[in-house]
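The next part holds the structures, each set out as structure tokens.
Common to both upcoming complexes is chain A, partnered first by chain B, then by chain C.
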Partner chain A sequence: MMSVGLLLPEIIVGAAGLIVLIERLFSKGEPGRKDAAWFGAAAVLVALFATFKLFGTNVTAFYGSYRVDDLAVFFKIVALAAAGLTLLFAPDFLAPRGVKTGDFTALVLFAAGGMMLLPSALDFITLFISLELISISFYVMIAMQRGEVRPAEAGLKYLLLSGMASAILLYGMSLIYGLTGSTYLAAIRQALSAGEPPILAGIACLMILAGLGFKIYLVPFHMWAPDVYEGASSPTVAFLASGSSAAALAAVLRLFGESFAGLAGLWVPILLIMAVITVAVGNIVALPQTNVKRLLAYSSIAHAGYILLAIVAGGRSGTAAVMYYSLLYAFSVVAAFGVISAFAETSGGDIRSFAGLARRAPFLAFVMMVALASLAGIPPLAGFMAKFAVFAAAVQAGYIMVAGIALLLSVISIFYYFQVIKVMYVEEPAEATPITFGLGTYAALLLGLAGIIMLGVVPGPLMHIAQVAAGFARF
Partner chain B sequence: MVALPCYLGISTLLFVIGLFGALTKRNAIVVLMCIELMLNAVNINLVTFSRFIDPQALLGQLFVIFTIAVAAAEVAVGLAIIIVLNRYRDTVNLDDFTWLKG
Partner chain C sequence: MSFPVVSATVFAPLAGALIISCIPASRKEVIRWVAAVATGISFILSIYLVLAYDLSAGGVQFIEKVDWLPTFGIKYFMGADGISVVLLLLTAIVGFTGVFASWGIQNRVKEYFITFLALTFACAGVFAAFDLFLLFVFFELAVLPKYVLIAVWGSTKKEYAAMKLALYLTLGGAIILLGILCLYFVAGLNTMDILVLAQHSFTHQQQVWLFALLTLGFAVQVPIVPLHSWLPDAHTGAPTAGSMILAGVVMKLGAYGIIRVALWFFPEGAVVWAPLIAIFAVICVVYAAFVAMGQKDLKYMIANSSISHMGYSVLGIAALSVASLTGAVFQFFAHGIMAALNFALAGMTYDRTHTRIMAAMGGLAKVMPVLAIAFAIGALASVGLPGTASFWAEFSVFVGSFPVFPLWAILSISGIVFTAYYMLRAVQRVYFEPLKKEYAELKDAVWYDWVVISVIIFFIVAMGVYPSLLMDLIGSGLEPILAGLPEAKPAIDLGWLSALGGVK
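After this line comes the complex of A and B, so read on.
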């Protein structure tokens, strides 16, 4: 059964999630236990190996509704890396706060399953189900934290806005179905590229862009990000920022790069303008932030803008830049939120709680500095190569002006990242007690650090993989 | 037989009512209901197109089953979160949640 073999990584992740849930049902679930998360991380590791074996497969299965190609495999690896690192440091944060680690682990695994299915989805039904699998898992993850009202409020906000976005997305999909008579992306591409597409197809295309734009922080659908980042627990945000938008970006690549290619005259200029606005809003609003979690939310928005530039640039180098950027961004943001979740004072994210961190916990401060420098795009870290790839793709596609504006705005971003670094290294700590943290956090931060530095110093192999994978983007 | 535009008209109307309500209402449960209206507009659309355009494959009707199931799951989680909030704040009004600005 070749087709089922294609789903092996997803089956492993989903089965592990179910096992964790069933175990929770029969055990008392003492709050201090962390073994569920270790089990989840091990399952992710196994799934990672299964995913690596799928490189070079490039087949379409299940009557054309599912495709495993290098592009999808690459995004599956991003999702697994994000889930694995999150599960390593999450128990250190959740166990002392009375959240049952098993519940969180199961939700992370289910969401990771959705993130792995989404890049492979080749029809609207699969795409919608994968997207909702991610969303519904995140509603619960964001809202759950006993004894605190802020996470629940953030969860409700995310749920209501995400629900609206899904409804708009679905309405767009239903219109496309009505116009083309199919929910399969390949058939839709054929129908839309034959002759002049009707005006309604354009409206439907924009509705789908709005629905997915919510997930990828597209301004003006970004309003949820700062509040959710501030309200939700740090492990949840780490996973949300690194995994959820990457998976949605893969769907955008498939839908807009391929299915809506016939409508490119409509969505390319709109997305280009929105990408520039997204970069501008993200970077400029981040400047006055005094809360590191909110600051990182706006930084997420800015980075979404860079990635959208690469999507607009399109072609092989644009697609490769999107993939490369997603992976490196995942490493940087998971490392940053790993540090934030490592000590209790910063769970609110106030910048003053970072004062003198270098003296209280030199390792944490160093990881945070590297992660922020990578997000700022300082060479030789991974973030620099990623930004370089995006701007190169944009210039190659002829958007020199736009690339210039984005570059200028990214120079501004260095200022707010270094403000945090300055607070950590220069200011006096309010109290001098050293900070201790668990082994899982240590492992996750080391892995994140290794990813950021390795991929920045030796970008060649990964860039090559992304380039090859981008060549398989057509289905 | 009722013509295609009638169904689509009803669906569009339902969707616009839902969207308007979701954006203007301040009661969390009413907003949730408005999102349901939008999703039901989608369902009408899908079933209509399935009947008129794609009577053999019935992809639209298949899609509707999934949308209904997912919408039910979403509402279940949504109501659970609203109950939790109601316990803390004794209200379901979105304006009372200080964090729901913007």
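After this line comes the complex of A and C, so read on.
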């Protein structure tokens, strides 16, 4: 009975998703209704409380396949925060465009369920199913705007590439199962750390890295991101950028920090090189972008590179930095896409549509500026603290050169972030009409803004929680 | 806990910015007065700090300490020692007069003052922070307001200038951050407290490399040639008060960082690198002076002259002697108010003539005698005329550095000659040649110009006549820093000052 209690937050989210779906069957589904999303947001809030109650539980259940510890709880909170904020501003975008809010809400809730299960997964089956729950929900969400070409194209791209990534991941998993005879992470660790691991184990480990690397924007598995970001609706992208990669990062932490610890001699140098390349590609290719959504895709890639540094640094501070980064990044990116979804969708995020935003909608421009400054790592905003934690972990682990190169590459990012700020504040608007947006958007942006500023100004408590939770990365 | 004077001095402009953000944009007059009151409070408090600082006790006073990020041992640690007090006063003077120099701005007044006050706040914070992380936070905090100030209210090539500044400063910031992280983990004390870290003895090898890394990062901000190319564009592109604070305060942040962090923590590294830094300092002084001579644009000329003048400070730092370092820090103050005055007058002149090309002006003294006299005083202060604050600064830099680097000191002194040439030529071209017809109707200083001119000139002259007020403070602030230097005398000896007669 106790074990089922461990799943309470996931059950709440899943049940809410089902209720929304069933309600859709019986209602006429008038376009413009937003109550499904409000219901979903309320469910997320309840689940958030249930999740907070799980702090300090630290139990392995279901025959060793599922673990609730502070690390998992932390990532569940990231997923819930991302889902909650997305559901707040999504209806303002979806309802006028004829998308049934109920469908979107149900999918967000299901994906959130997957994101909450993934950090707890301690065996390959649970892990893979959680991952697929996320992926399949996103296939639909990305392609959801019927009759429009770009979302459909983006959805198809994501489907094909994600399917490929899943296949490679599964192949790697099956090889590991063949070598060790187990799908349990703990058993795999034991088998792999006893004696010299076979070469095949190394190959399998890299396959798993490739499969998960797709989700966390690792170069060269990042190609989908710009197209999907540009094509999909902003609420979808907000949730994709903030929730999906965070959950996958939790899995990477569990797998590489623990199960493949015996293979560290193989994957540490590879990941280090990939981290630098990821930072370089993300920052450099972002420079010529003229579409803010594409620009943010490359920015996501660059940030994935920083996080990767912390993963390689490992240890308590590295793990804590990954967790901290995931949450703070989620706030910044949701706020940025919240602004884009409030007005820029009609022109697909073209940077020219941002011209003079400060005059047309001072609040939107201000939120966007704070979100971008946070992503650029300007203190005292959340993004700066996160960056500090990551680079501190890397230097502590002795990767001074790599941290230095990544820091220098991060300077480039100032150019493209400030470019957007400049367009919003300096250039004259093409049309002077003020922009209006709904109460949900307002609430989501206000919460995002509060998160970015508060967690930057008062970083102590959260950093402490992350440090404590990081102690559970080794189970 | 007693009233947090230092925090109040630093945060008063930020509080002003927050109040302004709640005022409707159409109430321009109210917004201006709120900004004036906010910077005025900070001005009064900083004067109080100068007077209340207990010289006989020395060290860091007015301490405020709160845990901020315990995981890394980071504290909100504010305080003031002799150097901080002087530089807080400088920031407050420039901030306060900057508000009045911006009185005439009509375009987006509300956003302008919010940005300006935020920048003043960030600069003041750097000087008052005694936690390394906090210092870095304030340092980086200044980047965004600087960018916005230039990009929105600037003039020539403003977007290019703003972006160049942001990129250069962030580059410097990235190098500094790497240096801070390295020294933090090398020390392994789990604290960012500057006073504690300064007591830690790093090995010789660590000192050499960490000094190099941190000084390189801070040198971008000073700026030391060849990392200076952002500065003339930025200072020229910025609005008047922006140029004032950029030249008056922001340029000092980098040099302050070198003294406060690099020099204090790594004295052995400083000794190793000092000869190289001295060479760069001389290049700064002479090269920038030559560039200034070639300028037709008044603001470009002043901007390049600023680089030249900061070269004296850098030379003073490199010489590592008591007199030269005291002179270097005094130069922060002296050049700070002087550059603010020069840029303010360039701005006032531009507002009237709508040109910054010196050859296009001429004879303006006939229609605006007050501005002409003020500009002449600023020019003479640039040259380092006795009776102005800069005289003492440059004099002690030369006295201190001559025994260490005789050749470099002599070469730098030649900079004064160049300065005299371009500064006096500017006075002549702009104010004294025959008056051009189109300028016959121009108005002289209005009341807010008077505030700017009188406050700054008061300090230029007061500190020129009575330099020991600030000299003693700076000396007491430098005492612990000099104690780590192997060759410098531990006790403060300003005997050479009194030897000149009538000063002490």
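Structural remarks
Methods note: the second predicted complex is superposed on the first by the 471 of 475 C-alpha atoms of A that agree within 3 Å, B and C clash if a C-alpha of one lies under 4 Å from a C-alpha of the other, contacts with A are read in each partner's own complex, and residues count from 1 in each chain.
Simple rule for what comes next: a residue touches a chain if its C-beta (ideal position, glycine included) is under 8 Å from a C-beta of that chain, and two chains touch if they have at least 3 such contacts.
Treat the numbers as computed from the prediction; the structure is a model and nothing was measured.
With both complexes brought onto chain A, simultaneous placement of chain B and chain C is permitted, the two fitting side by side without a clash. In the superposition on chain A, A:V4 contacts neither chain B nor chain C.
Of the two partner chains, chain C is the only one touched by A:F388; chain B is not.
With both structures placed on the common chain, the touch criterion links A:A154 to chain B but leaves chain C unconnected. When the shared chain is aligned, chain B comes close enough to touch A:F124, but chain C does not. With both structures placed on the common chain, the touch criterion links A:I414 to chain C but leaves chain B unconnected.
In the superposition on chain A, A:L45 contacts neither chain B nor chain C. Between the C-alpha centres of chain B and chain C, as viewed from that of chain A, the superposed structures give an angle of 140°, to the nearest 10. Using the contact criterion defined above for the overlaid structures, shared-chain residue A:L287 touches neither chain B nor chain C, since it reaches no partner.
Superposition on the common chain places the nearest Cα atoms of chain B and chain C 30 Å from each other.
Only residues 320, 358, 373, 378-380, 384-385, 388, 391-392, 395-396, 400, 403-404, 407-408, 410-411, 414-415, 418-419, 421-422, 425-426, 459-460, 463-464, 467 of chain A touch chain C when the two sit together in their complex. The part of chain B that touches chain A in the complex is made up of residues 15, 18-19, 22-23, 28, 31-32, 35, 38-39, 41-42, 45-46, 48-49, 53-54, 57, 59-60, 62-63, 66-67, 70, 73-74, 77-78, 81-82, 84-85, 88-89, 97-102. Taken in their complex, chain A has these residues touching chain B: 124-125, 128-129, 132, 135-136, 139-140, 143, 149-150, 152-157, 159-160, 163-164, 166-168, 170-171, 173-175, 177-178, 181-183, 223, 226-227, 230-231. Those residues of chain C whose C-beta lies close enough to touch chain A in the complex are 67-72, 111, 133, 136-137, 140-141, 143-144, 147-148, 151-152, 159, 162-163, 166-167, 170-171, 174-175, 177-178, 181-182, 184-185.
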